[in-house]
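Structures incoming, each one as structure tokens.
One chain, subunit A, links the two complexes that follow: it is found with subunit B in the first and with subunit C in the second.
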Partner chain A sequence: MNPGPMVSALLRNKTGAILVALQVAVTLAIVINSLYIIVLRVEKMNRETGIDVANVIITYVRGFGDDFDVVDSITNDINLIKSIPGVVAATVSNHVPLSGSGSGTGLRTVADLSIDSISTARYRWSEEGLDSLGVKLSRGRNFLPEEVNFIRPEDDPPAPASILITQDLADALFGEEDALGKTVYWGSLEPSTIVGIIGRMHGSWVNWDKLGNVVIQPGKPAYTTNKLIIRVEPGMRDELIPVIEETLGESNRARVVKSVRPLEELAARSYRRDRGMAIILSIVISLLIGLTALVIVGLTAFHVTQRTKQIGTRRALGARRIDIIRQFMLENWLITTMGAFIGVVLTVAVAYWLETSFELERLDWSYLPIGIVVLWVLSSVAVFAPARRAAAVSPAVATRSV
Partner chain B sequence: MFKYDVKLAFKSMRRNPIMTALMVAAIAVGIGVSMTTLTVYYMMSSNPIPEKSDELFAVTLDSWSPLRPFDDDNPERAPHQLTYHDAERLLSFAEAKRQVAMFESSLIIEPVKAEDLPFEAFARVTSTDFFAMFDVPFIHGSGWDKTTDAAAEPVVVLGKQLNEKLFGGENSVGNWLTMEGTRFRVAGVIDSWEPTPRFYDPINGAFQEINEMFIPLSLTRVLELSSVGSDWGWKSEEITSFEQWLNSEAVWIQYFIELETAGGRGEYVAHLNAYVNEQKKLGRFERPLNNNIYNVEEWMDYHEVVANDAKVLVGLSFLFLVVCLLSTIALTLTKFIGKKAETSLRRALGASRQTIFKQQIVEVAVIGFSGGLIGLALVTLGLQGIEYLYDSPEGMVRFDWVMVLTALGIAIVSSMIAGLYPAWRVCNIPPATQLKTQ
Partner chain C sequence: MLQMTQIQKIYRTELIETHALRELSVTVQEGEFVALTGSSGSGKTTFLNIAGLLESFEQGTYLLDGEDVSHLSDNERSAYRNHKIGFIFQSFNLIPDLNLFENIDVPLRYRRFPRADRKQRIEHALETVGLASRMKHLPAQLSGGQQQRVAIARAIAGEPRLMLADEPTGNLDTTMAQQVLELLEEIHAAGTTIVIVTHDQGLASRAQRNIQLVDGKVLEEESPHTQEEIPQAVMLNGGEPLAAQL
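And then the complex of A and B:
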């Protein structure tokens, strides 16, 4: 084919071509970097939690007044809740995983405070705790009922004989070695034995890089606010929430049932910044791609109108329709490719800025070729309709004066 | 003449409705996206108490473990909160013009009328100077004085919303309220007071409204009030009573001072060091001296109140604006060049270069202004979306006049810059050549 008309057309409007190429370049830089951030956030939100999030209900109950007995209240609440058909298991806990509120501690494999400890989230719940969250024990055993006692704020109990830890925490503490049956030491240097290992369970703080580190102590925390974790049969959650709220509310007026909510809602709240960022960036890149495509359509359409006579002349001199379409497509391809080259440099620059200024993860370079291909396809689609219109110009136009 | 230019601009815009619509849309979307993110950034980084931000300081004392720093990532930092007993001691010295020790708690409010239900409300447990120090506006009554605080009298200052809920918004000063079995006298009601960011407690969230009422710090001991904010500890201590908790090395009290002038800073730190040196003799504060005070701006930086995400969004959205401007330039250029014939004719009929240039600039300014207006509507929409996505209190992200003018300014100036080169190209079209080919 003859590149002559194409190149001369481009040269005639150099500035226009450069502008579009620059636009394509900046578009590429924004789209690739944004897309990468979106993918990271979505992956973060979709991590396997090890918890049956969809079927868990969380209730906060708080008593008041001098006659209030917190141990009675918790015992009655758990019994009442478990008598509701559809409830699988229930426990009182010191904190709720994924909720953003929790307690942390440090564990050591040797009783020496000068050695750095391994940080972990810490929970305390009954022998029904695992079942109440749908968390699976991969090895060892659960707490025995006789290991579980009520613990009041003033109790300051000794370290429990038996604890459960997650595989992530086991790896952090013992590396390759088998953690089951081993002893770990708390900040007080009191020992506890690992009796069970949980394959996976997320702790409270979703933005923490050690989210998978969890240790569980046996006990029923009898604090001011009682946090109850309830698991129900699949599909029963939304129907049981009002039932639980009503049952608890009527049973004892000397307290406030603060909220009965799905764990899913608490988790979504913890992830709202990530979800917000992913949604905002998705909107931004949709607008951007839409705008760039429309501008290419608009500019090409305008050029077609401007060059009607030239196109007609070419057609009169024997150029086929396909030649005209090819001319416009190639012209556009050349501009897009030029833009893509500048775009790669810009993308890397923006990625570098994000990585160094905001500690974002380094851009996965495989996004670059994907981005370029997407741009090619997009700009070709955008240019196709006006190019077809150009091809429809009759050769007779050449004989007319404009 | 200007009117004629505007008339010509509209005429030219109508001739190419698609091109015009694209240009307006490009500017509108560019302004919409970039100003939305800029407004969020502006809100997050704004000075919550401009008249005093240089005289107010957060106080930190390094009471942490001798074995390791409070924050491994920033080992030079002391803990960001104080132990209860240190805070109490500093309050009693009263070395600054004003000082306040505080934490966040929650209490059950028992029903005033039998048919109401009890409910939980947040309370800031704080010392006397809080209201004067942070310029809290009162509707009724006032805070409490030092004697009331010293005597641990149960008084409460209600937030506007809580007063509405409990007393229908009336002047409730002198009324009584039962919380956790204790009768509190209402001392005052404050007007809406939402400094943004919530500079006095960024530790527990810089962008939320949680203070429903305020009660004296001395009640902590009497009512055994626990903190709902974060507490941190390093020492393994036996705690089997509330008193032991108050005397523990756990840090959970926020401490602020007001100095006469920002210059009194060194003197106050020297006072802190003297206190800590004395404590060292008792075997506490085993780390090297590291006591600091931070003014409001420094305290906001310390807690990275402006989220990285907000900065990233501002950066990316201004690149977006660049794309929109490049579009505008490309579209303007193409359009003006398409008007070669008309321009040649006008030049041949005597229009000077300046006239042509001015007319082109007016045309892009009109387009920029229209784009800016639509952009502002998009910003309003965008901010509502962000409030929804981030679950922030309604009206927290406001769009004020500064931002409206900035948006319109950016729209017009940038579209004119975008129009400069094309206008220059157009006014250089010679009068005759274009006519010849006709």
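And then the complex of A and C:
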């Protein structure tokens, strides 16, 4: 069907068509940009952390009383936990990755404070730390037992001789060079030697752009409140949480087991804003698409009612039912396409605004044709029912006086 | 050209049945100019709808151009209307958003004529009705008489065998009605069969033959012209010749 006369008819009677086209344009701009934000957030939430998140349990314990022996308590707790069948490894740590809580530091490749340091998250745990998180060393070695000592709050230990760092931090510090065996300097300009490289591990702050920069010091933090990281056999996490809680609770009345929770829950809490944003935008997209479909259905139904006699006349002049359906489908396709053209410009403008104002990544332009095709399909589905109603108009309507 | 035998048409609602046509038998020969008259509710429009394949009927047979069209599918009826019948409606039924050229083009597009052929037919039809210079005008820019001439141009562009006109001068003043009537006579003179439905006795008197309907039946037939001018015997209810009835 040649759309020529249809285009000229639309141009002569353009108010409704323009309103629908604008609705389509706004829908396209909002849907594409929102969808892109959702995809970015979902990708962010699903990033490979390098940690066996699904099988790690975090326990917070707090001692009280003047005669509370924190070293003894931690040692007993770790031994007790490791004796529970299904537990793979356990360690005490100064912070919990992905939890939103942690500490950071700066490292340099030369002992010169005038040179900018590389920011990184910092953890301190025992030789069982890697195994407790399910983190894998890609090169080098783990801490040796003799390198790991208890560190109390009042202690001011020197920089450790050996440290582990992630590959991301190694790349940031040394670029193409191999970081293994190299020396780095802390803020005090004390040196440490990199003895192992962790392939991948995320730190505590999921919104930080240097999330992959992590340095591990050997040590067992022995503070009033301590964090125990426990890894269990796959599938046993939920079963072992109450067992751990009960075992620890009964073993030592001089400290309180504040919580025993899956790391997955802590990570989910860290990503709650991303998840919330994805959910809200999904709802907005659904509502907008639904609204646009309703507008198309409404306008087409209005046109069918308004043009009943015209449809009857076309049928009388030889139009088949399929010709009437085609006419409405084509008319709608023209309006949607017109809206899509305006929508592309609007989408680019909104994407540019988001990019410059909120430092959002540049829109992946492959979303544009996908969005247009989705709108074409949506509008075709929306227009089909009223178009069928139009096709059912009797040709005898042409001879009716009203 | 058109032979209806014992046609019955009933409109049904939940409460009532209306017998619009009662065993109606009408024959129109090729090349005739026939006027169907009758008061409001006599079944004129129903006859026109059935004759133009716009509506179906309950009983009887209908031969159009020698073919039984009683059991055609919806698509086949559309094709018949498009190929064989030209319609002229009382209120012109032009599409307001299309210009004259595009309006006349509507049935030609459904017939899948090539573009050049359509253009030639449209221009010729508009020349025939004297509106060739206004082909880019919209219907609203024309008078009623001019709009009806456009409707006639739309009807003749496809060179139909049969032209059905529903009160073609009903919405026109006397002068314009006269122009439209003269145009129809020219088309008839060129060989097209014309059936007009009207309650205007003046218009009906210009036809070769009048058929008067009352309550869905043929009441009487008469010819304003001499008997020799009537090509064939006129059929009454039951298919009997008029002479036999008289």
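What we mean here is this: the second predicted complex is superposed on the first by the 391 of 402 C-alpha atoms of A that agree within 3 Å, B and C clash if a C-alpha of one lies under 4 Å from a C-alpha of the other, contacts with A are read in each partner's own complex, and residues count from 1 in each chain.
As a convention for this text, a contact is a pair of C-beta atoms (placed from the backbone, for glycine too) under 8 Å apart; a residue touches a chain by one contact, two chains touch by 3 or more.
In this text the structure is predicted, and so the values were computed from the model without any measurement.
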Touched partner set for A:Lys182, first subunit B, second subunit C, both or neither: neither
Partner chain(s) touched by A:Arg272 [first = subunit B, second = subunit C, both, neither]: first
Contacts of A:Leu281 with subunit B and subunit C, given as first, second, both or neither: first
Touching partner for A:Gly318 - first (subunit B), second (subunit C), both, neither: second
Which partner reaches more residues of subunit A (counting touched residues only), subunit B or subunit C: B
Partner chain(s) touched by A:Val295 [first = subunit B, second = subunit C, both, neither]: first
Which superposed partner A:Lys210 touches (first subunit B, second subunit C, both, neither): neither
Touching partner for A:Arg388 - first (subunit B), second (subunit C), both, neither: neither
Subunit B/subunit C common contact set on subunit A: 13
Residues of subunit A that touch subunit B when the two form their complex: 13, 15-16, 19-20, 22-23, 26-27, 29-30, 33-34, 37, 62, 64-66, 113-114, 116, 153-156, 186-189, 224, 255-256, 258, 269, 272-273, 275-277, 279-281, 284, 287-288, 291-292, 294-295, 298-299, 301-303, 306, 350, 353-354, 357-360
Touching residues (chain side subunit C, partner subunit A) in the complex: 45, 48-49, 52-55, 74-75, 78-79, 81-83, 87, 89-91, 93, 95, 97-99, 102, 105-107, 109-111, 138, 154, 166
Parts of subunit A lying in touch with subunit C, wherever the complex brings them together: 1-2, 5, 8-9, 12-13, 309-310, 313-321, 323, 394-396, 398-399, 401
Subunit B to subunit A touching residues, read off their complex: 16, 18-19, 22, 25-26, 29, 33, 37, 67-68, 108, 110, 117-120, 180-181, 226, 234-236, 238-242, 307-309, 311-313, 315-317, 319-320, 322-324, 326-327, 329-331, 333-335, 337-338, 385-386, 389-391, 421, 425
